[in-house]
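Shared between the two complexes below is chain A, which pairs with chain B and chain C, respectively.
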Partner chain A sequence: MTLRRRFRGASAGYLLIAPALAATVIFLVIPMVVSAWWSLTHYNGIKPAEFVGLQNYLDVLSNARFQKAFENTIAFVILGMGIGPALGLGSALLLDRALRLRGLFRSAFFLPTMTSLVVVATIWKFLYSDAGIINAVIGIFGLPGVNWLSDTTTALPAVVVTSIWQGFGFETVVFLAALQSIPRNYYEAASIDGAGRWAKFRWVTLPGLRPTILFVYVIGIIGSFQTYDQIFVMTNGGPIQATRTIVFDLVDRFNRLDLGGASAVAYILVVFLAVLSYLQLRIGEERD
Partner chain B sequence: MRSRPLARGVTYAFLIAAALLMIAPFVWSISTSLKQPGDVFAYPPKLLPDPITFQNYVDVFTKLTFDRYFLNSVIVTASVVVLNVLFGTAAAYAFAKLRFPGRNAIFFLLLLTLMVPFQVNLIPLYKIMVELHKAIPAIGADTYFGIVAPSAIQVFGIFLMRQFLRGIPDEILESARMDGASELRILRSIVFPIALPGMATLAIFTFLGAWNDFLWPLIVTNSDEMRTMPVGLALLARKNASNWGDTMAGTVLTAAPLILMFLILQRRFIEGLTAGSVKDVG
Partner chain C sequence: MIRARQLAAIAAATAILVGACGGAATSAPSPAASAPATSAQPSAAPSEAASASPAPSIDTTPVTITVWDYYGESTPVKPALAGFQKAYPWITVDYQALDWDSMNTKFTVGVSSGDAPDVATLDMTWIPTLAANGALEDLTAMSGGQLNGKPIADQYTKGALDAMTYGGSFVTMLFDFDTYALYYRADLLEKKGIAVPTTWDELRAAAKKLAESSKGSGKPDRYLYAIRPNTFHFSQFLFEGGGTILNADNTKAAFNSDAGIAGVDIQKAILDDGSGLYWPDANNDLIPAITAEQVAMFADGPYYMGLLRTGVPAQSGKWKVAINPYSKQPGSYLGGTGLGIPVLAKHKDAAWLFIQYMLRPEQQVGVFTYAGAAPATTAALESPELTKADPYFGGQAPFKVFLDSMATSTHFPYVGAWTEIDTFITESLQTALLGKATAKAALDDAASQADAALAK
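Up next, the complex of A and B:
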């Protein structure tokens, strides 16, 4: 009886996971392996792949356009992650104090997070346009208009602003939830010990937020490493490669039928994300 | 104590400024979508459209093909949500409540795939879809099947539902088994009803992801009839059209379904999105 039931449970188990397993193998594992193989070949999708060892990796890493894409991606990560989460934390601290209308503010901040990157990028492309509202507003102060997206110095920061704007609500909401999960009596205890506002922030708030800060950075860094949609809509990688990112480079190689090179770029991205995840995990463990 | 009202004033001033900054671009896009072409770049800028025209909305449906994009997005999103909720919950039930050899090892291997960025699979996946389409024209590249299949059963959803289903007491399942119910029957009449709140959260997540998805639908579709809303909008915005009115109408139409859903289901959205963040990620 027990044995039969166990057997029944087992076959039902395999039956229930079969679709998920099949989908994962066909659409994820097999493409992943194929991609690894292609990265070691010269392949244009038409002629048979020709094994070239690590040549694609060497070519990609020494390619000027990839290097530019890599630099830009790092700039996206540093600028975006340097500013975004700090703003989110700041607004969460303010919201934590504001008892009235908190829900309303939270919803307003959250709207861009709900919206697709394509919509966000399209709206901002319009705001940044030469005769657009941003230039009109700075014109009121007598300043000359800027070609935000077609000037090599402003294009990248302009796109970063868009990403920060979109992520702001998510960061605020996540930090606010974390702030509210810190027990109030910790603050009371700190007050009794004579802690001032800064000391309380340093010794109660920040340690309480640590896992959340880590979470926001993990999600944020992985996301900005894969920046593509905004670039496609707003600048198409230009002007003169100024906003070319790693994923943009990958898709560009795909469009030029350099499937071997594109696969190599993909695996370079994987290595970077893996190293980053590992470092973040280590930072997470360090102080526990 | 003396600085309190001042501090509060400053707090609210910052919050109101931030809220305006978050809402203003949407307001401007809605306003522009209702303007006549000549008013779009009027100087000084017209905050409100005057006269109001719905011509841009008529145009995106008649001159452009946003009606088709919308239909495609609805079909794709609905399929992705239904497939993930059904198959994801079924698999999660097996991983959470059934015993079979290799269960934990298989689950662990599935979790590992979460580490792989989609870009790695992108190109071989496209090639697979192209070959499939050659063999069977109804599926593969440039079909609904092609857009939906790679995200039809996501590991993330299985993980989410497994966490949820672990809370179901074994006694309930055991007594149903005693009564002779099959596992599929248990899934349908016990697990699904109990798991409804979790399934709702999963549905929201997959809805969000599927409606906003861009890179894959862009790559796997070639014909205009198969474009989804974000792809159609991105290609329109990229053309750097002189007529921003119709482009802004496109942004409003693409964003509206999600924003409406958010306004209705706000709490669940925010709770769902913040669920994983407060506890330790590791």
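Up next, the complex of A and C:
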């Protein structure tokens, strides 16, 4: 078959993917290339860019505020991904067993995920306020109220709780779908072999969920590293940088018209995430 | 198979993140709340065009200018559009309402991507960064120093003229001004026999007497003095103590002087007395705390007159305003809203006509009547509308207090690193007021960071 005939055969396919390909090039590839160039320049969007090599990267990496933002982001990821998926899996296991009202609970759990993060953050900001319901409940037990979002020790965990609440419905639905796709005869066979509830979970459920767990963690970790909206609404990065995250640092630079520094932060984050995602997938691959 | 998935996941992560950064700066922002263009096509209004009688030098080619406004529902800009389009029928205004929180980012995206509006309302605290980056049009060159046919210098106070100037040129026209005074619950002070405080010591004593515990726990939780850990409020204490934010040539931090330390210490003392309510900016405005009677005194700008009227109508007649108590001299920061033209704006001449129209006395009074804020031009300040007795403030004319305050207020330094310095100061205030460090240690740390930023 000549090249021309092969192309003619595939032309319909090329035609169909052309719009998506064009959109990807225009809205993703070109901005990525432009951003890469900016990261090597001093550029404010108005005056001509001045090439500075890797200076922006060196400045960002040695900047104490970026380092603090990086630490906070890591803490956010560890707390959020340590608790969120576990909660999602737990609620999915409960829903998998509950035959009645499963649809109702599934919808209820998924509702926060469908709600705008800004709305969720605003609601939780009220809950955490001095006169909010959380302090009111604490007060019933005679305990003093806590300045949840104004205290450097509680601000980040408070934002993490909000994020977990907003996101665990998604994890629940994903895990529930995966649980229901595990063939029931596996469990029957395990029962015949005398497996108890824990053994079935350990040797049937968990292996069956492995691709889903990998998916949830890869997506969740990438999302956690990009945390911004709830920080902006609830704490604006404070108090005293306690909730400043990498993306918050990026936007801060952008607002100062430091487009070179902001682009360098974006690429540092991308490289870090790419390496992390690769390692996650390799670990998943080895276990498969 | 796993290789393909790996590549897909990594590529997706890369694309999402970098695309978000680069894409943000290469595409136009979509305003949060975009109103349809209020159209007044020139051809549709020949009689109005005739009545406008444009000067021969004015280009009357039909144009559409884009105006970004962050005032919100009580904006004085939108109600003025019909009159503007009657006066200048060849100019159509594409009015876009945005919120203050996101305006700075949207404006930054706009000017850096070449898709800026023609006119924007800009917080005066953003001006140093925008002007230092060359984002704003030189209005001195553009106007020839004239505003509505009179010299600009004759139409503003000296403080306002300083605030509008960067590098020897006007880069914005002040539309409303912001300067701080003391709001206090006159009914409570009278009930408890407390005189309106005029010094820091009196302020502390008054706060102590006002504070009450509603739950019987002994810990005061209502009628408190609001402590705001931000540069706006700190600079007031700093200026009142005779301090400055930077040295005379704007090359070194000076806010960590004795005046600065004393300004933080007095606030910390009020907090330690239990008579202060710590209220960071992330909590937004004070209206919920005022409604809940948590706050009986606070320092803020004239725009709070409007916020109180609309947000806490139940406390009408109970509030009054006084010059803020001071230690050595009265003082406040001077800010507000400026009208600016981005250097990349497409229709600068029409934009300048729009700004001039908005600064006519009749539109300036709208700043007070619609937004409850303080108009900036001297002609508007003389309007009887602004100085009449206000029933909400117990028959007081609170605006006069802000006029007095403006006479002794100072704008923030116009340096390119201002945004960073503002952040360093705010964080040092949080550090000191939350008891994580002494005022001196916190301010010294912020000053060293500010020096480094200024040296760049």
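Just so it is clear, the second predicted complex is superposed on the first by the 266 of 288 C-alpha atoms of A that agree within 3 Å, B and C clash if a C-alpha of one lies under 4 Å from a C-alpha of the other, contacts with A are read in each partner's own complex, and residues count from 1 in each chain.
Here is the rule we use: contacts are C-beta pairs under 8 Å (C-beta built on N, C-alpha and C of every residue); 3 or more make two chains touch, one makes a residue touch a chain.
Note that the structure is a prediction, hence the values are computed from the model and not measured.
Taken together through their common chain A, the two structures put chain B and chain C in a clash.
Shared-chain residue A:Gly238: touches chain C; no touch with chain B.
Once the two complexes are overlaid on the shared chain, A:Phe248 sits clear of chain B and of chain C alike.
In the superposed model, A:Asn147 lies in contact with chain C only, and not with chain B. By the document's definition of touching, neither partner reaches A:Phe66: not chain B, not chain C. In the overlay built on the shared chain, the residue A:Val34 is in contact with chain B and with chain C.
Contacts of A:Ala121 after superposition on the shared chain: chain B is touched, whereas chain C is not. Of the two partner chains placed by the overlay, only chain B lies in contact with A:Phe170; chain C stays clear of it.
In the superposition on chain A, A:Leu281 contacts both chain B and chain C. In the superposition on chain A, contact is made by A:Gly45 with both chain B and chain C.
Within the superposed three-chain arrangement, the count of touched residues of chain A is higher for B, of the candidates chain B and chain C. The clashing stretch of chain C relative to chain B, chosen from 92-100, 308-316, 326-334 or 398-406, is 92-100 in the chain A superposition. For the contact definition in use here, the residues of chain A common to its chain B contact set and its chain C contact set are 24, 27-32, 34-35, 38, 45, 129, 131, 218, 222, 226, 236, 250-251, 254, 259, 262-263, 266-267, 269-270, 273-274, 277, 281, 284-285, 288. Residues of chain A touching chain B in their complex: 5-6, 8-17, 19-21, 23-24, 26-32, 34-35, 38, 45, 91, 94-95, 97-98, 101, 104-112, 114-119, 121-127, 129, 131-133, 136, 165, 168-170, 173-174, 177-178, 181, 211-212, 214-216, 218, 222, 226, 228-229, 232-233, 236, 247, 250-251, 254, 259, 262-263, 266-267, 269-270, 273-274, 277, 281, 284-285, 288. Of all residues in chain B, those touching chain A in their complex are 8, 11-12, 14-15, 18-19, 21-23, 25-26, 28-29, 32, 41, 43-45, 87-88, 90-91, 93-95, 98-101, 103, 106, 110, 113, 115-117, 119-128, 149-150, 152-153, 155, 158, 177, 182-184, 187, 208, 211-212, 214-215, 218-219, 230-231, 233-234, 237-238, 244, 247-248, 250-251, 254-255, 258-259, 262-263, 266, 269-270, 273-274, 276-282. Residues 2, 5-6, 9-10, 13-27, 104-105, 108-109, 111-113, 129-130, 133-135, 278, 280-283, 288, 292, 294, 343-344, 419-420, 423, 426-427, 430-431, 434, 436 of chain C touch chain A in their complex. Listed in rising order, the residues of chain A touching chain C in the complex are 24, 27-36, 38, 44-47, 129-131, 147, 149-152, 218, 222, 226, 234-236, 238-241, 250-252, 254-257, 259, 262-263, 265-267, 269-270, 273-274, 277-278, 281-282, 284-285, 288.
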